[in-house]
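Going by the order they are written in, the chains are A, B, C, D and E; count residues from 1 in each one.
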């Protein structure tokens, strides 16, 4: 048991408690608290990499796979925090509580990842969701922020209810909440037995709820509003960490307990994936608000992830994992750039706020260019390789028609990315654009990696390949 | 002797009632929150009943955690409600459509 | 010999290039370079001619530059030396030389003096390229290059609106013919994998057996090729219906009209058919076609000349008509006669044009013969030269024109081509009429030009530089026919270059006997009668103005409008072109394809997006309804499936 | 028809009625009161199922804490009694439709599934003793200890968030901050402004 | 032979320098000009070396560089050239060098970025022409859009936003379908190497779909008839050098792709559909010529003329399908014609766009009616422009003739009608080309209100060298044929590979 002390979750939880207390004494010197937080994260990430407890807890998984994912999550958090710190500092609304709540949410994502029982999963999701409710509503003086928060709260709670309903069905008809036992039960079930439909219904409820958390169509409906309403730093958080976590939950749920019913859920997920891609692409076309735009872009990206995963094949799995990481990376970069820019002394809201950026801040213009092109899937940027892998997986599994729809939607979606570039580069309007440089280097590295990994995709490719191998070892 | 399905049917009815409550509600967010409470209540019914059916305590343990979480959730929800009220001077559902499109 | 020919061929080109690089140097240098390069070419032609007849090596064909040499085909630039080529080159270079010399004075006041000589030199080179071509590709290249130089020279006065319209038209009409030529060339290359004259000549009989499908009809391959090639000749040699560019091309400087649009370039078509006579000889159908095209051109375009008033246009129509004679001769397999007329025509028509040039420059670029008059006393030398040239043109006995033209008419009659014969006969009359019309109106009568513009210095002829070529040209215009008639008819002149020598021989032996007998005999023919009637008629009508004829308006209009070709080319085609192309562009390209297909798709998707955006109402209850509906949908789906 | 079944029917009927009342009463205070009723009724039904500890918790925590919180908020926010709007009527069929479809789907499914299983819902599960509370406590602190800890984190997060969200400094309050006063350095006391030349 | 990676140098050197120029953000006009000139010159020298050391006597792939790039997906960093590639590589480096010379006297804001994007474009083009792994090819092919998009968008004309987005989406649309086909093929062949695709046995339906996908992809790039409408817009809005590179090299990517992918892979379907595709090409040649005639904007006119001339390229390629069975020689002639036409059009259209750019600098209008009487003030320029216009209308002795000649020859092998219709281009191209000359160069212009001035020496060098090359290739295209001959016959033989 003492060994468990060293897992990053524990370190983070205890660290957060300490920082909450310390912060009370460091009101004037917030940067100290912030540095402590970052230090805490770094330590946790190191532990995530080095320590893999051998001792297993039946409802909590420790493995190289989860450790690596946790490492990635913490890494993402470090980057996000850095952006957030600069952003909030710039807007004079820095509060250390923002980070402590975020860290608790981060712990939530870790719990989700490691969860090996439905109860643990539920707790993880709730931990994350509660943190997100608070973070979305964090901008207390903004009506939009609180509107977004209450919307997310109501819908999120509803989806938790749906999740619980599904869990209760699964629990009732398999007799267990442990993934392994459930998998065992489902494997031995035949389609004539009483439990069969109950389990399928349970899976549907859980799928609906998870798709809601993921932001996949038609459960995506909250995404644009919430992205728009919250602080842009929250938007980055929303569009990266929870997505990775939910994706891993998807992987673990569907490929371990529900694997035997693969023929049931894979069709549903393919439908959801395609719907997300189409809706994400088409709705985004006429958006004016950049956060809404990126929200719809996120929806369509989620569609890609789900679609690849729903193929239930090794390359599909690999593609979805690769896509998830690439997507998070791109989202970090694209939102990251936006956090670094203020227009007319506000954060960037509308696309038109970016007009003329290339004249005043060519450097940032290039960053936006790269991120947008990467999102659009234009080679040689990393976004292209991700889309390539998904399409390849589709074609390998003989979904030719789907792949055509997908690429056509890629073309449609390229339009709105180009619109952003167009505004940045080709339009000349005087905006009082200012930028800040505190986390500039990190951002640059972030963006340059989009290009660098595009030219040398095998680095990331090998990593994800390793991860997928780990995962298949677990699930089989 | 109460057949297991009775409890399940009851919980389903309450569950659907609470869902209907969410989208039929034209009044204020507070009632929405109450509907959500009802929803969790119905799920708890399910869990306890099915736990009993399985002869397994896990269902009750689950309910225990759900109760805990929902309590915390309500706290946050009410806090958000207050913030919303401060900003908009209203908690009418119909007034919450600034974010759209 | 090959080397010399090469030098002959390239010296105008080198001249062109030198001129190109000395564009800004003095006029003297330009004159020097251009004239010397042509002089070299001319002297070499004569020398080669001498060499050729003395050594008589037979036709020589050699390649000197590889165009392409691949596994699929091999194309070269080469030279083909035989009597035909050398005679033609002598004609070309001699006329060219004289025109160059003449132009020194004619163009002396022009600002683009140098440019003029660049063009003319380049033209001479291109023409020689055709003359010495040993394959079809080179023929085509030269063909197009003379077209280019003609284009450039017609539009030499770039500020003159009518000139740049005329050169545009000339080039395009020539292009129509070039399509035929190009298709013929491609067909040869594709089917026989060579374009070399000799090789094609060798397999001509097997080509004659092959067939080729054109628009679903099956043709004899050789006929098809020859017909296609002849379409090229029709455009270049201004045969009906592709003749209408030539009168307009008179917008260029007059020496150019002399050189290109009378003496040399327009005869390229004749030359080509003569060159390929071994092939044409095998294609009876095509020959008949050629014969009729030629005689129709000769007659009807001669008529048009009657109603013209511009001195150069009259001569231009006369050129078309004379080319018609040559074509008709070709069509009757009388290749050497066609060549003969080509040669004599080159000289006397060049002379006519140069005279016209003298007149025009004297009259300050006034070309309307109704306004010019009484120049006889001011320009006696020009008057004489013009008279000789005119006599030659109308075929007055003993002149060069007489020998070439009469023998064509007689030979056609002799071989029984009745309808062409009649048409050609009649056009003797018209030729006489329009020639006399110019002659009498310009040199006699009174000028209607303003007095001060008429002559500042009436006693002066033009300067010597302009007169010398007139002198020189008068000689061949009058006497050349007499000298070369016999050797030509018995086949010494062209040796075996031309096919169907035996036909000429039979005509010669059966009808002409020798040049002097032919001369004497001609006074007894109907030809001479017509000529005399024409002369008398025009003397009375144009000079004495003894009577007036009311030509019906309809006929006059038809002729002025050149049987409708005029309106076709200058009104209808451009109009249709403008409207039609604008329609294609605006209606089909922009409206249908671009807006209809492309932009509509994008705006459709955009509209869809903005419509669908309304689904996102922002109300929680709608959102939850959507989520629940989706859930229920999935549940029902599962319920129905499992 | 035994006593349990009768109890079940009575209470469940009441539960449904109060639930409907919760979502339909125009006055949120009434809604809250009905919700309290619902919780009470549920507690009874849970008791019937043998989940004594949970039913007590439901009353203590929910009725005692959460619902009171709700009522506080209702009072605090001074919310008007809403009238039934036209939109309500418009959406009522949709709501009823969804309600019916959903119910039919799930209820029929439950009925189908359990029609051959005559299983009594009333069941007491014994792990270490007869006492439900003892059993629950035992399981909670052995098998579910990690979950228990995480629940602690969730509560911490709840507290933290609620405070962060609702806490506000009244800008009109005039008070001294001793820390700031002590922290002052020399350079803060006097600020030298370069005089404008014109 | 070289033991250093000559192809990689060709690709990465300009990209690297270009990135530096873009990143350095306006380092000064003269410095960036010098750097660009030097780089393009080095690239030109290297590509000439490549040309020299390329072994003409065999048509196979040479200078192969092959490394594993993404091992899991079987994607290789696989560069090589054959004769076809070498000719296009030479064209690219030559045109870019000319652009560098031309741009040296131009003044743009943020010139270093401008030149940087051109260098990047050059490198990517090199990559496109030498990549033999299909994904690598696709990456280069697609990346081309980025620098061109920016060049037109930033330094373009009034309506550039519409034009760039249209251009980008149009071509992107085409290429994604191509991507699907590539992946599909790779899936069957278990390799992304292009030549492995040649050995696949595909069913007829598969071939049809693949053909259509490739046809849309490359057809938009070429552009073929119904999908050409992006080109005039893009050209009109592009800065001069942008138009030049777009017309002279970028369009060739489409033709190149067709030769590489369409011909050997989808032969059966190609034979089945060849008539329709030839009709499309003929429509491009004839109909577009008419449309070109109607243009009022000089750039649009030349843009449409480009479409018409590229019609010859596609026609030559599709004739291969039509002729392969009964007349392989004619097929090969057609293909060589297509290649020569590509190179020649690359030179001529570049020259014409330069010419228009030079006029535009003085008159600030691209409309035909605003420009007239240029020849009076710019005689040398006008001389060269007339030359290029003539070359554009396929005058023998210029390179413009050779390609058309060969394609027409080849088409006669298929049907006389095809040959006749294609030959109509002789009139049509002359009519619009000379119309431009007639209205713009000639005519009386007394006031010179446009302020025409004889072109500067660097512009003379640009146009002059183009004149020389157009002439050289027109009089003695043997160099080109030597280069292409073996590779073309290799392509033709690889067509039979797939059929076996």
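Here is the rule we use: a contact is a pair of C-beta atoms (placed from the backbone, for glycine too) under 8 Å apart; a residue touches a chain by one contact, two chains touch by 3 or more.
Bear in mind that the values here come from a model prediction, so they are computed numbers and not experimental data.
With steps allowed only between chains in touch, the distance from subunit A over to subunit B comes to 1. When C-beta pairs in contact are tallied for each pair of chains, B-D comes out on top. If each chain is reduced to the average of its C-alpha atoms, the one that sits nearest the average of all protein C-alpha atoms is E.
Rounded to whole angstrom, the centroid-to-centroid distance between subunit A and subunit C, based on C-alpha atoms, equals 78 Å. With centres taken as mean Cα positions, subunit E sits 36 Å from subunit C. For the pair subunit B and subunit E, the distance between C-alpha centroids works out to 65 Å. Distance between chain centres (mean CA atoms), subunit D to subunit E: 69 Å. Residue positions of subunit C touching 2 or more other chains, listed in rising order: 602, 613, 616, 618, 620-621, 624-625, 628-629, 635, 639. Annotation for subunit E: residues 169 touch two or more other chains. In subunit D, the residues that reach two or more other chains under the touch definition are 91, 94, 98, 102, 106, 109, 113, 117, 143-144, 147, 151, 154, 157-158, 161, 165, 168.
You'll find the chains touch as A-B, A-C, A-D, A-E, B-C, B-D, C-D, C-E.
Residues 621, 625, 628-629, 632, 635-636, 639 of subunit C touch subunit D in their complex. On subunit B, the positions that touch subunit A within their shared complex are 15, 18-19, 22, 29, 32-33, 36, 39-40, 42-43, 46-47, 49-51, 53-54, 56, 58-59, 61-62, 65-66, 69, 72-73, 76-77, 79-81, 83-84, 86-88, 96, 98-101. Note for the complex: subunit D touches subunit A at residues 106, 109, 112-113, 116-117, 143-144, 146-147, 150-151, 153-154, 156-158, 160-161, 164-165, 168, 179-180, 183.
Partner subunit B is touched in their complex by these residues of subunit A: 119, 122-123, 126, 130, 133-134, 137, 140-144, 146-151, 153-154, 157-158, 160-161, 164-165, 167-169, 171-172, 175-177, 224-226, 228-229, 287, 292. Listed in rising order, the residues of subunit E touching subunit A in the complex are 22-23, 25, 69-73, 110, 113, 135, 138-140, 142-143, 145-146, 149-150, 153-154, 160-161, 164-165, 168-169, 172-173, 176-177, 179-180, 183-184, 186-187.
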